Every structure is written in structure tokens, then in C-alpha cells.
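Single-structure report; data block below.
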Amino acid sequence: MCRWAAYLGKPIYLEDIVSRPGHSLIRQSHGATRCATSVNADGFGIAWYGDRDEPGLYRDVMPAWSDPNLRSLTATVKSHLFMAHVRASTGTATSRNNCHPFAVGKWSFMHNGQFGGYDSWRRSAELLIPDDAYRHRKGATDSEALFLCALGEGLQQDPCGALARATARFEALARRRGTAPHVRLTCAFSDGVRLYAVRYASDDQAPTLYHRWSATRGGRAVVSEPLESDELDWFEVPPGTFCTFEGESVTIAPFVVQSDRLAA
Amino acid sequence: MCRWAAYLGKPIYLEDIVSRPGHSLIRQSHGATRCATSVNADGFGIAWYGDRDEPGLYRDVMPAWSDPNLRSLTATVKSHLFMAHVRASTGTATSRNNCHPFAVGKWSFMHNGQFGGYDSWRRSAELLIPDDAYRHRKGATDSEALFLCALGEGLQQDPCGALARATARFEALARRRGTAPHVRLTCAFSDGVRLYAVRYASDDQAPTLYHRWSATRGGRAVVSEPLESDELDWFEVPPGTFCTFEGESVTIAPFVVQSDRLAA
Amino acid sequence: MCRWAAYLGKPIYLEDIVSRPGHSLIRQSHGATRCATSVNADGFGIAWYGDRDEPGLYRDVMPAWSDPNLRSLTATVKSHLFMAHVRASTGTATSRNNCHPFAVGKWSFMHNGQFGGYDSWRRSAELLIPDDAYRHRKGATDSEALFLCALGEGLQQDPCGALARATARFEALARRRGTAPHVRLTCAFSDGVRLYAVRYASDDQAPTLYHRWSATRGGRAVVSEPLESDELDWFEVPPGTFCTFEGESVTIAPFVVQSDRLAA
Amino acid sequence: MCRWAAYLGKPIYLEDIVSRPGHSLIRQSHGATRCATSVNADGFGIAWYGDRDEPGLYRDVMPAWSDPNLRSLTATVKSHLFMAHVRASTGTATSRNNCHPFAVGKWSFMHNGQFGGYDSWRRSAELLIPDDAYRHRKGATDSEALFLCALGEGLQQDPCGALARATARFEALARRRGTAPHVRLTCAFSDGVRLYAVRYASDDQAPTLYHRWSATRGGRAVVSEPLESDELDWFEVPPGTFCTFEGESVTIAPFVVQSDRLAA
């Protein structure tokens, strides 16, 4: 399990989400409160959108709290749309190529959760990656494979449907050849314009997902756990929900994963 | 505060101390139980003696639990005398040069503890390093400075006295220009033949120090906290004690730090 | 193109091959003379056999010449059979998982060379990896894939034949879907008892391969270029040759790659 | 010896200097043509000014050419004033804290050159650092010490004079206790408004320094060697010269190092 935070709104310094809040992502890397692993020190990453279509990407293998590069970057770079992730490995090696966010073209993607027994069906999952996306597979994580698979399912045309289909394929593999819990997933991804987030699990233990609009800041934070403990207006996204954030608006849709037919 | 473990006895694989015990050093890097900071993920290091006078040294900046090099090394290298350390920074940067153990010639040294307000008197502490040892100062930690200062005080001829004099000088600086607690210290060091360890504090909160002879193994572990929770025969070293381990024997001496005169 | 060196014989310190000779592997990482890329600074690795069946493995992403851990390790660890590699990437990312040697169980493997247009047929190459070896694929290099494919072809029972069959499959892919030159390859691998090396190319530009028995040392070095410029008794292995080194003996066999039938 | 490049003018992507030109800094890290060491792979760094007074700082220990973070950062971040450096160590360890640029408050500093026999008088050089700057000394390089010493000499009020006085003190130490050549130096530094650069040597071998105004770009590059081989309008700064760049203007002053009196 990992922790992550994303932002969409008026440009702010990345540190305003990553390190400055009372329960910032950096603090969560030390002591997360709403997930099984309180320490998230197996690498980190940030992706941010600026003038260009492709996001900037910075990832490294040390704990987020001890990297001076990260501290300096987040104090210097402003963005209207960015993501940050601290990783607690569920088994895969700590390497830059296994750190989130992943980026392909204008798309960025990050994930918290697990697929049951992934090691035993990794190969089958990677076969779901379309040929033209395969060259972007650089690491060995389930998250990167899910992202690349979702790209192949049409993330560009139908973000919610594409991710649901990719998730269904993974869930089917987990049901057939893996272990329970089959899928637990909160992820965020973006094309540089909209920010998408989903909360889902194949059981009743979906990892938490929250968001909150700050009028002061003119922007919205989307997070795996609230950035301040004394702010009472964090909205908890219910399980099975797909969120589209654009400007000030939030659009909610059901996130329906039809793995049964696939598993048949 | 950090966690460390050392071994002296019949050659064993380093992993027998570092990663295999139920509460091994690697486990302690995740969840130490007898110190303020339960996570010790700001780098690690091992020093081991083999055929040569100088110890081997391996240090890196990632958490000990996630480094495949460390896993492989400790599964392959056998030694009759070695040290291992996981670091929780008290402020200084996470860099290899700030990771323990430190080594100069045949000597190796590692430390857990703190010197009150060290940043404000670091320069004065470094002035205590003798000229011919100064080229070995590569990082910026209090621990490296204490080690190099102790070398200058005659670690070779009088290990206990030299470390006590170096500690006294540091304590005097902490009293004059730093903050309380002035000194808390457990450290281990070796010349490749004997293993030395000390437990000391200027207040009544000396960091813990234990050792245990294993007849099965034919060797002794010296640690900041016991490696197994169900072994009842760990000997807790009392504060203000200097231990010399050689073969099966342990020699105890008072560790007397006379900082008062220096502080006058 | 990369540079590598291996040793089989009476135990010596790794530095006796890696860093001490006049044209040691470390020197070659700065200034190789017999290959296209004189700088080999995209990571390095060593694998060495000791008491256990599985080799020790140490790999990192910095240039070999600047890593104090490597310097200390090679000055401390003795082995009767080891490999060392300095990497010049032909495109794949610099990450530990892409550094040679690769190790699976008791086997270790390292490679210098290239497969023409590998990126365009990487997926097909990875499909050649047998299911039970697939979990060992951690990086994205052609070399790791070749090794895992060769394991599946029966490296254990028939080292020469298995590697030839794996190479043939890769060559067939390169002919069909890649670019010329299709295959250039010198590699070394070991099961901890014997050391194997091969020199091969699909054209007339096979990367160089040498070996030399040192009576003084009681061991043999097998290298991509000689370790001393003034030793005239380095034996240059001809292209299309598979060498088996065991004790003092060398057994030579033709390395026949039958890719034609596969490509049909 | 190292290679570096700086820029002042209309905001451009860092890659326009760092990686895109035909003989960009990244290319120079592989194959510099105007200095003794053609490979500059012992770490790198960039410092750039944005909205805030303090510059962003990104430094790491791998070769600049193989770091995907650097590639992404320089493709994403725009700045009107920035510096970039690739390092070839003259002996000091490869660690982030030894990588250029160095930054203290709004000031950044980078250096190419050497001080003769620095190891033997490092301690004396570090004694020249004023107390309040000493906490910024994190590594062990001559360059960082020179920068901190120059800050103490009044870099804020008198950039040219302060650097000349600091250089004189170092040169005096090199003459008394070091080796020839005593000083060879080209360095660049900035307060976020002006860019300063100096070329100097105690002998007749001052490292090269060039600058060029690009009307197309509306900015000036200041470099250790030209970024394009076919641009004939690079201005070579003569030895013993201090340059102040502000907007489009260049102000030249003699850089006079009076070490004789100090050495007496």
C-alpha cells in the first residue's frame, strides 16, 4: 500500500501539497494513518504539468523525507496539475522504474493498492499490454502494467470505461490464478487537462480516497488521506466510484468492473 | 537515534545477525521497539573483517530492507567480526558519507545517540580532530567527528580512555554551547581483533545496549536491542560502562566522562 | 557495448582482476581500447562464488571507478570464481535491474554485445522466457532475456547447446523484425563450478574475447580485452567458439547458431 | 576538471542549453574537447531561478547522460537564469554533497578547475569559512569551501573583490603547502539577478571560458566550451578576467589575485 496526493487548480508550489500541510504526503511517508503500512519509504515520485503536453517526472528510490532534490523541486516548481506518490512496496524491487507516477506521452498515472498474488500471473497481465505500449514497460510492477493495459483499452477516448475494462481483466486473472483480496485500488491519472481518480475493491476494503476544494487556494486536492487533521470538509469518495475533476467541477460515475464474464 | 548490531566469534554469515533473527537489524529498521524513532531508514552500513587488516565497508542511502545488494552480501560474506548499522538521521543529510560504520585503517566505528545542539558547535567539534585524521572526515556527522577525535586521543593505546576523553570534549561543548540532553551514546568499535562497546549518557536516558553469548554459534552478539524477543538471556549493559569483548570473554570498566573541568 | 572480466582458479581478491592490473576492468570503464564505446559508465556489477551455491551479487548505477563500496568489496572479498562487468548502455535505462551480471539460483550470466533493433522485438524475445523463469525478469535488457531464455533451453544439461538455441531464436527475431548487425555477442556464465564463455556474431564483427592462464596466480582470467598491455600470452578466442573452463583446462567447441530454419 | 554552462536572458527550457545543442553540456560529459579529462561523469547538478529568491537545485551522482530525471526536468522547467555542471572528480568522493552547483540562500556557485595539493591543506581552507556559513559546508570539495569563503569575504557587496580575496587566500595556501599548478579556475555564480563568471590561473593554463549572445533566443550562454562547433561568434574571455552579465550587457573587470602578501 502506498500514499498519494494530486492537485488541480490555480498554480501552486508543489510543496503546498507535498510537504507543508500538517499531514502532508511527506509526513504520511513516515506515519500514514489510514492504511496497513504506516511507512512508505520504498521510493517516491512526482509528475507535474507545465507549458508542455508531457508532464515533468521526478522519481527516486530513497524515502521522500530525506531527498534534498525533492525538497528543492517542490519549493521551486509551480503547477496547476500535479501528482505525488510515496511507495510501500508489496514485493517488487525498489527501483526508479518501479516508482509512481508512470508517464506515457501526455498521460500520467499513479496507484495505491494491490492485486492478489500478482507474481503468479504477472506474465499474463503483461500480455494484456498492447504492442505499441509495450516499449513503455520499464519496470515490473502491477501498477505500470495496469496503466499500459488501460491505455490499450482506450484511456484517451473513455477514461472510466478503459480503466474499468483493464481492472476487470486483472481481477479476472487474480480470481483465476491469484489470491484474495483480488483487487484493491485507488488510483489517479491525468492527461494534463482533467484529473481522474477511482476508488474500488473486489471486496469491502477499498483503500480510502478523499478530495477537498480550497476556495483560498482556488484548487482541489485529491488524496489517499486528508492533508490536515482539523479540516472537516474533506469529501470521502465511496467505493466503486470514478471521479472526473475539471476546473472546479467534479463529475461522479459508477466504476463497474465486470470480471465475471472474463473469468468464465 | 539509530539501531546497530555487532558480532564477534566463529565466522558466520552476516545475515545471521542482520536479517535472519526474528527481531533482526533489518526488522528493527522497520520497527525498532526500544528507541524514540521506530523507523531507521536514512541509510545503512556494514563493516566486516576478513583476511586483511582493513575491514570491508558497504554503505548506502536507501532503507536497509529494500537493498538487494545488502541482502546478497550478507548471505554470501562470512566474518568472525562485523558491525551493521541502520540510520535514523537527527538532522544531517542522508548520504553515504554520513552512514555508519566509519572506517580508518584497521578501525571501524558506529554510533547511536545524539549530542545536544550539535549543529551550533559542529565547527568546534571538528577542530578537535587531529590534523592527520582530518583527511578522513568525509561527511558532516557528529559520529564521524567523535570517532576521528577519539583516534587522536589515542584509541590505539587506550580505547576506553581515548573515547572517554573525546566524549568529554564533546560533552563540554554541548554544555557550553548546545542543548540538553548533552550526550546520549551507545557505540561500538573495533580494531579487527577486539570489539568494544560503550553505553553512556549525560542524563539518565542512556540508549540501551545488550550482549549475548551463543554457545550454539560460538559467538557473541552486541546490539542496541535484542535480536529475538523470546531469548531471556540477553545481558543489559548498565549506563556508564565500557565493554571489551575478546574471544569468549567480556571485560567491563567504568566509562568516566570528565567534562566538568573542560567546561570550566 | 560493455567490458567484462571473469576469473577461475585459486581464490584471489576480486581487485586483482577488477582494479589492480594496468588495464584493469576499472581502467577499461574509463578507456576501453577494443570496442566502439570507450566509456563504460552506465552501471556495473560483480558476481562471486563462495561457500554457498548461489553467488553474491553487487550491482549499482554509478560508474565503477567512483564507487567506494566496489573498491572496498573487491579489496576484501576473495573468490575462486567470479565475474565483473562495466556497462555502456545501448539504449535501455541505467538501473540496477539492468546491470550485469544477472543471477538465477546458482547461475550467473553477463554479456557484451547487441541484438539489432531489439526494442522493436523485445516483446517477442520475452515471450521466449519459460513461465517458471519469468519471475526472474526484473529489468528490460536483451541480455537478461537471453539468459532466461537459455535457462529454459536447458543451460543446466547442455550449456553450449542451450545458449546456441537461445541465440538462434534471438537472431531469427532480429533477422525478421530488427536491423543489422543482427547479433554480436560475447558472454560469460557459470554454475559455480565451470566457467563458460562464447564469442559469436552473425556478421564478421564478433566482439573480442581473450583468456590467459597465470601460473603465478594459479588461475585463469577470461576477458573482453587483455588486462595488461605488455603480456603477450593472452589467447584470443576465434569467433564462433564456445569455451568451457574448469580447473586448468579449456575445452573448445564450435558455437553453431541455426537461426535460418527458425527464421523461415 | 569539469564542464559547465550558464544562461541569462528570456526564459528558455533548460534543455536548450543542457541537452539540445550539438555540443551540449550532456555531450560534453561524454566527450569534452577543451579540457584534460574528456569524461565528466562523477555527478552533475543544475540550479535555476524562478519566482522565488532561492534557486531550485537538483544534483545526483550518476553520469548526466543517463539520468531520466534530469532529462525530464530540463524538458519541463523554464528559467531566465540557470547553471548546469558535469563533474570530473579530482579526487574527492562522488556524492551529492560534492556536486555543483552549491547554493546558500539566493546565491548559487559552480566551478571548474583545481587547487594544487588541496588535500594537504583542506583543513586550513575550511578554517577560512566564516562561522555563520560553516553550517552550509556539507561536502568536502575545494569548490564548496571557496564559495563559502567568498561569501565571508563579502560576495554580496563586492562579488569580484570577494572572490578575488578568497582565491588569494587559497592560492597562498597552495603556494605554501600545496603543489603546482596552484590555482586554475573558471567559475560562475549568481544572486538570481546578475550572473558572474571568472577565468583565472596562477600559471598560464587558465581553463577556458566563453560566452555568446543569441539574438534569436534573447539570452546569453556562458560556458566552459562552446555549445555548437559551427558558431563562430563565441567570445573567449581572456585569463584574469571577471565578467558581470546583466540583461544584455557584459561588464569586464580585471580579476586580481594578491596572494603574495598573504603567502609572506
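As written, the chains take the letters A, B, C and D, and residue 1 is the first residue of each chain.
Convention: contacts are C-beta pairs under 8 Å (C-beta built on N, C-alpha and C of every residue); 3 or more make two chains touch, one makes a residue touch a chain.
Bear in mind that the values here come from a model prediction, so they are computed numbers and not experimental data.
Interface of subunit B with subunit D: the two copies contact each other largely through the same residue positions, with over half of all numbers used appearing on both sides. On residue numbers, the A-B interface is repeated by C-D, which shares over half of its contact pairs, out of the options A-D, C-D or B-C. Here the spacing of subunit C and subunit D, counted between their Cα centres, is 40 Å.
For subunit D, the set of residues that touch two or more other chains comprises 68, 93, 96. Residue ranges of subunit C in contact with subunit A, taken from their complex: 93, 95-97, 119, 122-123, 131, 134-135, 137-140. Interface of subunit B with subunit C (complex): residues 48, 50-52, 54-60, 68-69, 72-73, 75-78, 96.
The residues of subunit D lying in touch with subunit C in their complex are 30, 39, 41-42, 61-63, 66-68, 89, 93-94.
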